[in-house]
Structure formats: C-alpha cells, structure tokens
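Please go over the structures that come below.
In the two complexes below, subunit A is the common chain; its partner is subunit B in one and subunit C in the other.
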Partner chain A sequence: MTFPKELQETFTSAEIVYLAENELIEVISNVSMNDKLSLISTELPKFRVMSTYKIPIWLAIILRKQNKITVPPPEWLNENYLANKYQEEVTNQTAFTQLPNNWLEVSKIFLKHFVQDLIDNEDVLLKLIQDLKEIRLVKLRKGLNNLNEINLGFNDLSLMEINEFRPFISRVMGNLAKFQKSLENEEGVENYDDAEDPGDDNAYDDDDDDDDLDNRNTSTGGRKDSTMAEANDDIDDEDMEMEDIVNEFEL
Partner chain B sequence: MEIGDILKDLERNVNDGRSSRFNLLEQKQQDFAKLNQTWISERTAPELLPYQKELVDSTLVRLRDQVEIIEINSIELETTDADIKLKLLIIENEIERINFIIRSYLRCRLAKIDKFAAYISYNSQTMIDRLSDGEIDYMTQHMKLLQELYSKCFLQDLPDHLQLLDDTSGGISMITEPNFDKFVFIKVVTGDAKPVRFNDHEIVLEKDDIHTIQYKYIMKQLQQGDVVLI
Partner chain C sequence: MRIPCKFNVQVAGLGYLEETGNADIKENTKLELPVWLAGILSGIPIMSEEGEEVRLLDLLPPDAFNKKIINSIKSNSVNLSLRSVLPNFYSLAERWCFWFEDAAFVEIIQQMLKDRSVVMNDYSFNLNSTNSSNNDEISRFVHSLDNLEKEIFMVCVASHKDAKQWLNS
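== the complex of A and B ==
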C-alpha cells in the first residue's frame, strides 16, 4: 500500500509532535557563534552570549543537547499557572479553559528535551499536565453526547486532543448525517403524498419527540451554543445509547 | 536540468539578491508554513486537491542546495572543527524533516489517485489539471496494468456485459467518488469569513474558531483561504 489506512484517517501523535516542533520558541544562547546558518525553512542567526533568540523547537532540541543554549519554559509552564487552570477547569463545567495552542504537545516536548531548564519540579508538572489532560478528556467525552449531524465547535482544544477523537467524531457525525438524510427523504415522500408543501424541511420537526432535537437546536445557533462541553448540563439519562458508545470508545 | 529549470533558478537567484535578507527569511518561513498546511489539507480533505507544483519545486531546489553544502563540507570533515559538524548536523536534520513531509504529501496523493483513478479520468479536465505530469503518467499506467491484470485473470471468462470496470448503470456505480459529506475539522484564520448557510442552519465563523462540518459546506471558504483544514 502506498499509504497505510491508519494514516488516512488521522495523524499519528508523532506527526502532531512534528508539527509542534516547527513552532518558534525563545532561547538564550550560552555561547557565541560567529556566522549565520542559512536553512530551508528559516535561518539560524548569529549568536551572542546571553542574548535571546526565537528559533524553531526542533532546532532548539539539537542545540540544547550540545549545551549551546538554555530554553526557559514558557510563562504558562509552571506549577502556579497550571494549578490555577486545573481549578478553572473543575469549576467551569460548561467550557474548556483557554490554554495556549499546542499546550499539550509543547509541554510534552519540554519534559522530554528541556527538563534541565525547568524551574519547577518536573514530577509535579507532569502530574498537573496529566490531571489537566484527563479532566479535559472527560469533558470532551461527556460532550460527545452532543454529537449531531450538523456542526460542532472545538474551541480551546489543542490539535493533539482533537486528533485523538478525529476518526470517532467524524464517523459518528457522518452516520448521523446519513440517518438525517434518509429521514428527510422519507418525509419528503410522505409530504408529497399528502399533497403538502414538499419543500418544507421542518415539517417532521413538529411531531418529532426525539430528545436529540434539543441538542441539535442548541448546537446550531452560533459560536457559544455550539461549544461541546455545553452538553454537560443537559446530559439526558435517556440518551443511554450514545453514552454506551462513548464508554466503549476506550482512550 | 531542463532549460526551464535553469531559467527559474536564475530568476530565483536574481530575486534573492535583490530582496533584503529579512524578506528572504520571511519568504522561507512563509513557504515552509504553506508546505505544512498543504500537507495537512491533503491528509484531511476527502478529495484530491490541486498539486502545489511551485511550492514543491522551490522546496526541492532548496533541498538540493543544502545537500550540496553538506557534500562540499563533509569532504574536509576530518580537519574541520566541531562547529562545522554541528552545522552539518542541523542541516541534515532539517533535510530529513522536509523530506519526510514532501514524501508523506506525495504518497498521500498517490493513495488518493489509486482510489479515485476512475473518477478523476472520467470526470473532466479540471480534475486532471490537479495532477502533476508525473502523477498523470502514474495514473494512466497503473490503470492500464490493473485492467490488463483483471482481464487476464478472470474478466475475459465473463460475459461481455459483465466485463466493465466502470459500470454506472443498475443503481450502483462502480466508480469510487470522494465522500464530500465527510466531516472535517477546520480552523478559521481570517476575521471576515462568511457564515456557512445550509438548509435552515447558519454557522458563524469567528477567527480562531475550530469546527467540525461537512466538507461540501465549507469548500468555498477553504478556497478563499478564510478557513484551513486541521
């Protein structure tokens, strides 16, 4: 096969890390280097001792290994900030807290390659990141109750988090859309038989007592309404079927 | 190298010389970001996207230049200092990274070409225009080989009317088409993306929003560059 099937559905986590490694990061040079180095995607500037430069993370990884630079952690990668965010995440049940783009990927890279430059204890940080990741995943999984055939918002999630759910979400939503389509077709035929206005797509909504409907309506309005975690409030006990599917979906 | 390539090379050198170093750096970063996005889009879109010839070609030229630098410098590696070694290490690393992405991009396209070969070739010129010359060759040759193989193995023993590989009659089409209903993940990158309207729904696209939506509804915004696939 030219391209394995598992790669056709989503990205591997290594590929997501690859993308994150292209992001720029601030580094402090320990040595001076006299000339620039011209590269394909960027260039490595002249280094003066103790100056700050912005370079891609992958480049920083190489230079850090050679002890040429120090990589100070970004302002969000410390105990205080992450503990606060965790609290926020616990108290606010309806939305994800705002974290930097790629926070999960970047913190992973940091704990792997720039451990020596961390200010806080790495074990504490690792635990906080893990906690944060888990509570967000729980929220995301609860939010899956809200899956519909139209549209969903995933604001404030990192690519790594989205990527894990990509095949599942797009498959389930795709199937829901198929159901919807066949429902509409059926309805269209019935309407036609009754000599009613066949163009009225809403006709079936009036007598549709499926509790799915509420979810659908709340999630089509606009930005705020379509946020996934919103579903936490109106998780319905009757909606067991979806819950089962969600639970089966092991992470 | 063909004449066209040499001319392009020359043009590139002249342009490089004229623009300031800062602009060149910016250009490089932009090209690289675009390459990454092209790769992501190709991987996530259900259909085959237009081939980014210029982008791939210019990246390949840059790759060749870097390989040359390695070759020149590694001849005298034993006498040189560690600084050069580090530089070569960095250059080599980057080459590997970019090779990876180009390879993955091209392979992903080949997989789609295999899958949609019939759809592409029977459709229209606009689909074929999305392929590079090499890809067109590949597609026609591959289809020819497959057809020969099938017909030698078993098709020739079947009745004539059952020998078709692209039969669309009888309700079920044998031509695999891209699934435009597929849900894709998109990110809004500009502030003035038009809202998506379909049936009775309207979805407002604000900058930095991430949505899942069916591919067919977002194609226009994708073309205009207001949103990108993620």
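== the complex of A and C ==
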C-alpha cells in the first residue's frame, strides 16, 4: 500500500474529527421548507420553523453558516456539567469519568462552528475542556506503568484520547509479546527458520483500529467502553471480561 | 552483528571463517560469527566419534549480556545508556531468547522495555518545551535509546504533536 506507515496504523486527529462529524445532533430550524431534500448520503427532513430535527454535524455546520438553523449544545457541554466532571476526575483517582465517546471532537466543533449558540462563555468552556483533557492524560500516563504484553483496558476513554496513545502502546506491547513468544517456541533452535524476523517492525499484530471504528459507528453519542490493543495472537483475550481487565489495570 | 561461538568438532575447509590461513577449523575454536550464520550452524546436530550427538557449535553469551550489564539493567534500566551497550540490543536479545528460552532473561528485558517506554512517553510530551535544563536531560535520554526504542519514541512524539496541534488549532 502506498499509504504512509504512520497513517496506516492510526488515525490522525483530523480523521477522527471527520468521523465525528457523522454523528447526529439536534438542531432547531429557523426556516421552513416546501419539501424534504434528498442528499446522497442522508436526507434533510422537511424543516418547519422552531421545530427540532436530528441531522449530521457536517450538515449542521453548513446550515449554521447560512443561519438556517440554531444548534443548542448537548446537555453535557456546559460549564456546570464539565466542572462537576472535573471534580469527579480529581476525586476518583482510579478511573476515568464517563463522558461521551467523542466529547473532545464535538466540543471542539461546537467551539469552532456553533459558538453563537453556546449558553456559557466559550473561554470558560475551552479552559474546562483543556483541564479535563490534561487531568485524564496524567491518569493515563500513570496507568502506563501497568503495561503488559497481553492486554490493556481503558474504560471511558474517548477515541481521540486512545488514538493519541495507540501507536506507542501497540508498539511496546507488540515487542513485549515478541519476547514472550520466543519462550513459547518449543522446538528451540531447529525451528529457527520458521520464526519471525525480529528486524521486521511490522511483525506485531495491531487489530484494534477496527474495534475503535466499530465503537464509533455504533455510538449514538453515549458512553463507550473502549478496549485497546491486543498484541499477542496466541493469547485470546476475547474471553476476558471487561471487569477483569479493569481490575488488572489499577491506576 | 557478530556473536561469539565455539566449535565443538573439527570442520574441514571452513578455515576461511577464522581468517588465519588454516584450511580447517579445529575443535574448540572460538570465533565471532554473524548472527544469522551462527543461528543456522548451531542448529546442526553432528555425531561425534564417541557416538554422541553434539551441536556443530555452541553459542557463547555476547558481551552485551554479561553480568555487569544485566545487573545494571535490573537496578536502574532507565539511566542505562543502552545504545552504548549495543545499538540493536533488543533485536539481539530477542534472538537470544529465541535460542535459549531463558524465562528470567525475558522478564528482565520486558521489564526494562516497560520502564523505559514509560519514561519515553513522558519525555515525548515536553520535547519542544523551552525549559533548557529539562532539554539536556531529554537529549541525554534520547541518546541512550537503542534502535527499537528510538523508533517507538519517534511515533510517540509524532502522535502527541498531532494531538497537541489539533487541540490548539
């Protein structure tokens, strides 16, 4: 494949925003339409003034620019809620608080395109969001001390946050697994030729991209548990309950 | 990369490996062979004159895995300059584990990789900060990374940079 290697194994932030823009949000129309409008990928319902509709974010961005709709912020995007979440994050040192799967992307989109419709001060919101991200990052970094070659679970971590750490973690875990695998080779020296070439950087198995993608597609803005990284194909961690992973992963 | 080995039997016509001008390699000759060659040769079983089965050659532990270095890995792997020990430390270590299935050794290497990667991740965050004393520390650490770690460090820096740029855009 001609795709650059760093783009093959993970998303860029821009790609995740692009994916998040398919999410449906509620909008209030300012205009009336004579008929519904069929687009290639979606359908714009027949708008009536002051009624609410659910449309994809990308469409809302266009319509908002033309002042045809107003976009009320989701219930979690306000000063009170985020400040509470921040407090929760500070007091609970062992887990992440529950936030929507794409809270970072959506709040960023709101601050960029729907600023006029926000109820609270945008600067205050931006600061809260950055604080939240910061504190979650610190927790995540602490959690990295528990890296092992088999599995790693982060509950309530959003796609964007996982994405930032995916290349790093999958590499480290892949290499840990390689060492583990060298122990399981029972034939010893005789089997030498069949073994993977240790110089091959792609030898590890990174199939977690697809999981995260599924997460996004099935999500309706609610919370999602995201599992990251399954690096060793000999060890099947599918059977492992989420609870077990959480217990193992004490922050 | 070459690793030391010891021939267990006399081999005719392989003297050129030793570069001494002799036609044959004598029994118990110690020789540094390329990793790929040593791996293949060590897997060849030979019937000795006494009727026992021996390997053509034995692999000897390379300098990079001597006691002193293993001990310093155990005590403080983060401050160890792995690059000056061996630029391809992990690659050779993996081969070594593969040949000898030494569980204790694997555990030491894994623990080292874990410890060092946590520090790598921490440093990759503030790579571009203006704090100069910190930068010295970071550059010293980066120079101690072996090739595999360096690659991990690079992707780590790239992904954090991308996330940071997006957040501030």
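Going forward, the second predicted complex is superposed on the first by the 181 of 251 C-alpha atoms of A that agree within 3 Å, B and C clash if a C-alpha of one lies under 4 Å from a C-alpha of the other, contacts with A are read in each partner's own complex, and residues count from 1 in each chain.
Operating definition for what follows: a contact is a pair of C-beta atoms (placed from the backbone, for glycine too) under 8 Å apart; a residue touches a chain by one contact, two chains touch by 3 or more.
The structure presented is a predicted model; accordingly, all values stated were derived computationally and were not measured.
A.B. asks: Return first, second, both or neither, reflecting whether A:W76 touches subunit B, subunit C, both chains, or no partner chain.
C.D. replies: In the superposition, A:W76 touches no partner, neither subunit B nor subunit C.
A.B. asks: Scan A:E43 for contacts with subunit B and subunit C and give back first, second, both or neither.
C.D. replies: first
A.B. asks: Just subunit B (first), just subunit C (second), both, or neither: which does A:Y86 touch?
C.D. replies: Touch status of A:Y86: no partner.
A.B. asks: With the two structures laid over each other on chain A, which partner does A:P167 touch: subunit B (first), subunit C (second), both, or neither?
C.D. replies: In the superposed model, A:P167 contacts subunit C only, not subunit B.
A.B. asks: Report for A:L144: first if it touches subunit B alone, second if subunit C alone, otherwise both or neither.
C.D. replies: Once the two structures are laid over each other on A, A:L144 reaches subunit C alone.
A.B. asks: After lining up the shared chain so the two structures overlap, which partner does A:M33 touch, if you call subunit B first and subunit C second: first, second, both or neither?
C.D. replies: A:M33 sits against subunit B, while subunit C stays out of touch.
A.B. asks: On subunit A, which stretch or stretches are contacted by subunit B in one complex as well as by subunit C in the other?
C.D. replies: Common to the two interfaces on subunit A: residues 166, 178, 201.
A.B. asks: Touching subunit A in the complex: which residues of subunit B?
C.D. replies: Counting only subunit B, the residues touching subunit A are 25, 28-29, 31-32, 36, 40, 43, 59, 62-63, 66, 83, 86-87, 89-91, 93-95, 97-98, 100, 107-108, 110-111, 114, 179, 181-185, 196, 199-204, 206, 208-214, 230.
A.B. asks: Touching subunit C in the complex: which residues of subunit A?
C.D. replies: Where subunit A meets subunit C, its residues are 6, 10, 12-14, 17, 104, 108, 130, 133, 141, 144-145, 147-149, 160, 163-168, 171-172, 175-176, 178-180, 182-183, 185, 188-190, 192-193, 195, 198-199, 201.
A.B. asks: Spell out the residues on subunit A that touch subunit B in their complex, using ranges where they run on.
C.D. replies: Result: residues 1-3, 7-8, 11, 18-19, 22, 33, 37, 39-44, 58-59, 62, 66, 68, 150-155, 157, 159, 162, 166, 169-170, 173-174, 177-178, 201-202, 220, 222-223, 226 of subunit A touch subunit B.
A.B. asks: For subunit C, which residues are in contact with subunit A within the complex?
C.D. replies: Contacts found on subunit C: 39-40, 42-43, 90-91, 93-95, 97-99, 101, 103, 106, 109-110, 113-114, 117-118, 120-122, 124, 148, 151-152, 155-156, 158-160, 162-163, 165-167.
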